[in-house]
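A, B, C, D, E and F are the chain letters, set down in written order, and residue numbers restart from 1 in every chain.
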């Protein structure tokens, strides 16, 4: 069992952006992600998660360092200024690595 | 796009403590966190998540090292002994760092 | 407050495997884990999470390096080839460490 | 004999304001709101099938224009009197040009409780009034800019949850007719008021969270959230009166016109005018106008409608 | 003619014990429990409006005392006979001094099925009995300690989900009256038994998980979970008889007194007496007493009530 | 007078295909499907209690065999004509040997709308047909291999959600009888069609996601998904005719036989034949056969049943 070093990009944002982000991922060639519904609080106040309008989503993408930087860059340019969004990168060791490369990077 | 090193504190505990923890965060000056409902198992047996009384929550807080240690210390003193709770810290690179400092630390 | 280095194993897979995995954990002596329902996309297409048949689960296990490797090995042998599953390991600092050792490792 | 559903709303607001542990999960909100939308759609569709659509065209044209005029009135007020940014003025204006189906449902329940009849095809106007203001809002914010991806915007507007379910209900009602939907009545018609009560309980909890941010935005937004619905109701009832609607119909049109969107418009604005501050517009529409309309507005618009009809004759 | 709702409970327990894949999400539990609480509250409120509250004061005083006496009896038994820690004894005592609304609903359904009438304002006593035992439990665990943040505790107790919804329902029923809540009846009254059946199915699944931890805690807790409700029922029926309640009313008071809380009290104890072991008290109240009351207890308390009334006359 | 519930399904499919924002959470799917299963079970159980079970044995034997024969016919076709792998052929065969309770519910609603009666104990056959095909499928995939953990497989099959709730409903209906379940009727019987409408709306959304993967798997699977149900319906109606069922009963048996599982079988196959591709079999059963049966199949099978009955006499 070989282990590969990859990046885990976590994005927390408003659920209203889910469709738009999925479209963006498609354009960027990202085919793997995991989404969980969330609630929380931040600079824009509390989001109780009790109706569509106050629900957050937490997106995880396992990817290479370059792809991670590319998505982060995209998010930064298109969403950061006006949307409730935070995101962070961390290091992970994955088991089946070929899953986490975009077609481009293969 | 500049990247800042921060800590990610993850807390997994009983959902019944959600309100109390939110009050604590406020007192500690923590204004950003993300919560997801969860189920699981641990030393106190299985928690199936099929009603209020058996649901867990998973809280994430992106913060500076000091603030992370402060919260952890607080949890350790007030909840660890008697509550179903685990928590752990990891390293993350965040994009928009000013979000993850408490007013005190600025 | 002493901090211990542990591994965090995250598994994302089809919700239909939840019971089977829980049985496996029991056999492997793993008594602590946290599960969250999720949706997502990967090589097997999109999983919208709108009914049992298209829901994913996200499992987290805090454990020692050896136990983490053992579980990963087990998953790799039994599920990887035919199931929608990804998993990855990362480093975490935990507060109450005795929780994250299996009886065997104590 | 107070209509008890209002009390459910009040209960939700109080529970929220007092930070009680009462919480209704968003999945329940989804179920309740879809059931209400279907009920309203089905009822309207059945009646629509009995109408001569050609004869409705004047009403359709006039009422659609109402959805265009309202945001055009609100915008300069917000911009010049309110001193809001252009994007925020445009976004808030769009909210008030569009409608709230929840408010409409409460008005229907109000008329039912009083035994007042109305044009049963009114739900058609709910759909019609939901959308034009969004386009106006985007135009006000951006001008006829090339930046706007109109395809994506239209997709967001026409395929938003509310519009799809309401339209679907209308069409199903229309195709199936009274007899066809008979077996659906125990769920969608008989339970209407109970479902609405639960929905308002949840809306009370939702509203209470927005009440908190009220003080952050000051007096102007409070006044706007109270006066704009009054202006809307006045215009709606005048138009209803001129279109010769029944008193019940005039009340409903006044209510629609007075109501402010809190689902379709905010969702569309996030995508097409992301610079607009969503908390600001939701504080107005959900934190002020929705409770005002539900508790005080509707009886007032009922009274107003009678005055307007008397005045016009 | 067995009451089928009990069978739904049995089905849930069996499905859980046999580790079937049947699972009801917590959001459904939330919906069902809120609907039951509202039904019970509304019904009680409507009746309360017809009562002279002054005349009810003696009943209110006596029944509230019952909620204080029961934990005071249970505590020494748990401490000395059961050899439990002080905090655990206090916490379990509080569970049994308070009530289970689910059990009350089953008893109401039992009486309805038999066509037995009862004092329709009984839901008032559900609210009254829910709270005092919690304060007693905290006092037993802590003494009149300065450590206890009574403000926070009161908030937790008075603004817990169950109390808020039940109180809200009572008030809405009271204000609206029979006629006012008429349009809510199709959802809240006609569907009561069906909702209760689904709720009990879910409760069966929940209970089954607690059955497993039963053997861990041994024979004493099993006996306590079976005998304490009998004592409670005896005291409840005696008091009911002395208060001259109808046989149905005596049965309900016996059931309330016999029932043990599994929502409000555990939630309050987690906050105010966190050292108490929550699994221990839930094993007793949910794993033993709830199924016992639902399946065997209620018919027994019905019989007991008749004996007690006959004895008192 | 088109049955409106089909239109709810169409609405769901269209909303999904056009990628609207309409989404129903999985928790609502859980609630709706459990309610439908209970309704069907309760109804069947009440009727079963009135039957002489000994007299039903021939029907039980013959219909269970149908569930064994169907996958044995499908398997070689898939393997040799379809050129699928052994495990995939076996898995798809199992899906088509088993049944879809959702499809059965639509057929019942179809007959009700037409006022056609049928053997009310048919739900028994739903349970009987659900399971044997799964065992056949595993045997076809593996032979009588020692690898298969039959204990775990049986657990998965007999304690799957659908089987447990359907069986539970049957037993509760049986034990309680008509009179006993009377108070459950407002929820489980009167709301049946409304609940089914909401369920089909959600099924439409689910189906639409599987429609997308259709083109990936080519023409053979499309033809199989349309022709296999026709063969199943033919066999089912012949057997129904030979068993002297009423025209309504023959229609239901034809529908069951034509329907393909999308819950129990895929779940069991993931555990016992994990190498089989689940997307392939779900594309067939959910993407093709389910919509075909619901929209066109059922009226066709109704017509077919009359032809077969006429032919046999």
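Assume a contact is a pair of C-beta atoms (placed from the backbone, for glycine too) under 8 Å apart; a residue touches a chain by one contact, two chains touch by 3 or more.
Just so we're clear, the structure is a prediction, and the values are computed from it rather than from any experiment.
**Q** What is the minimum number of touch steps required to go from chain C to chain D?
**A** Counted as steps through touching chains, the separation is 2.
**Q** From chain B, which chain is the farthest off, judged by mean CA positions?
**A** Max centre-to-centre separation from chain B belongs to F.
**Q** Based only on mean CA positions, could you tell me how far chain A sits from chain C in angstrom?
**A** Computed value for the inter-centroid distance: 20 Å.
**Q** Just give me the whole-number Å value for how far the CA centre of chain A lies from that of chain E.
**A** Computed from C-alpha means, the inter-chain centre distance equals 46 Å.
**Q** Need the CA-centroid distance for the pair chain C / chain E, whole Å please.
**A** 39
**Q** Which residue numbers or ranges of chain A touch two or more of the other chains?
**A** Answer for chain A, listing residues that touch two or more other chains: 36-37, 49, 90-91.
**Q** Name the residues of chain E that each touch 2 or more other chains.
**A** Touching at least two other chains: 19, 21, 23-27, 30-31, 161, 186, 191, 267.
**Q** Determine which chains touch and list them pairwise.
**A** A-B, A-C, A-D, B-C, B-E, C-F, D-E, D-F, E-F
**Q** Quick check: in the complex, which residue numbers of chain A touch chain C?
**A** These residues of chain A touch chain C: 1, 3, 6, 8, 31-36, 60, 62, 90-96, 99-100.
**Q** Using the touch definition up top, name the residues of chain D that touch chain A in the complex.
**A** Residues 23-26, 29-30, 161, 202, 205-206, 209, 212-213, 262-263, 266-267, 270-271, 274-275, 279, 282 of chain D touch chain A in their complex.
**Q** Help me check something: in the complex, which residues belonging to chain E touch chain F?
**A** Touch residues, chain E against chain F: 1-4, 7-8, 11, 15, 18-25, 27-28, 31, 109, 112-113, 186, 190-191, 193-195, 197-198, 201.
**Q** Which bits of chain A are touching chain D when the two form their complex?
**A** On the chain A side, the touching residues are 14, 16-17, 20, 37, 44-46, 48-55, 79, 81-83.
**Q** Would you mind writing out the residues of chain C in touch with chain A in their complex?
**A** Chain C reaches chain A through residues 10, 12, 36-43, 49, 56, 58, 69, 72-73, 75-76, 80, 86-91.
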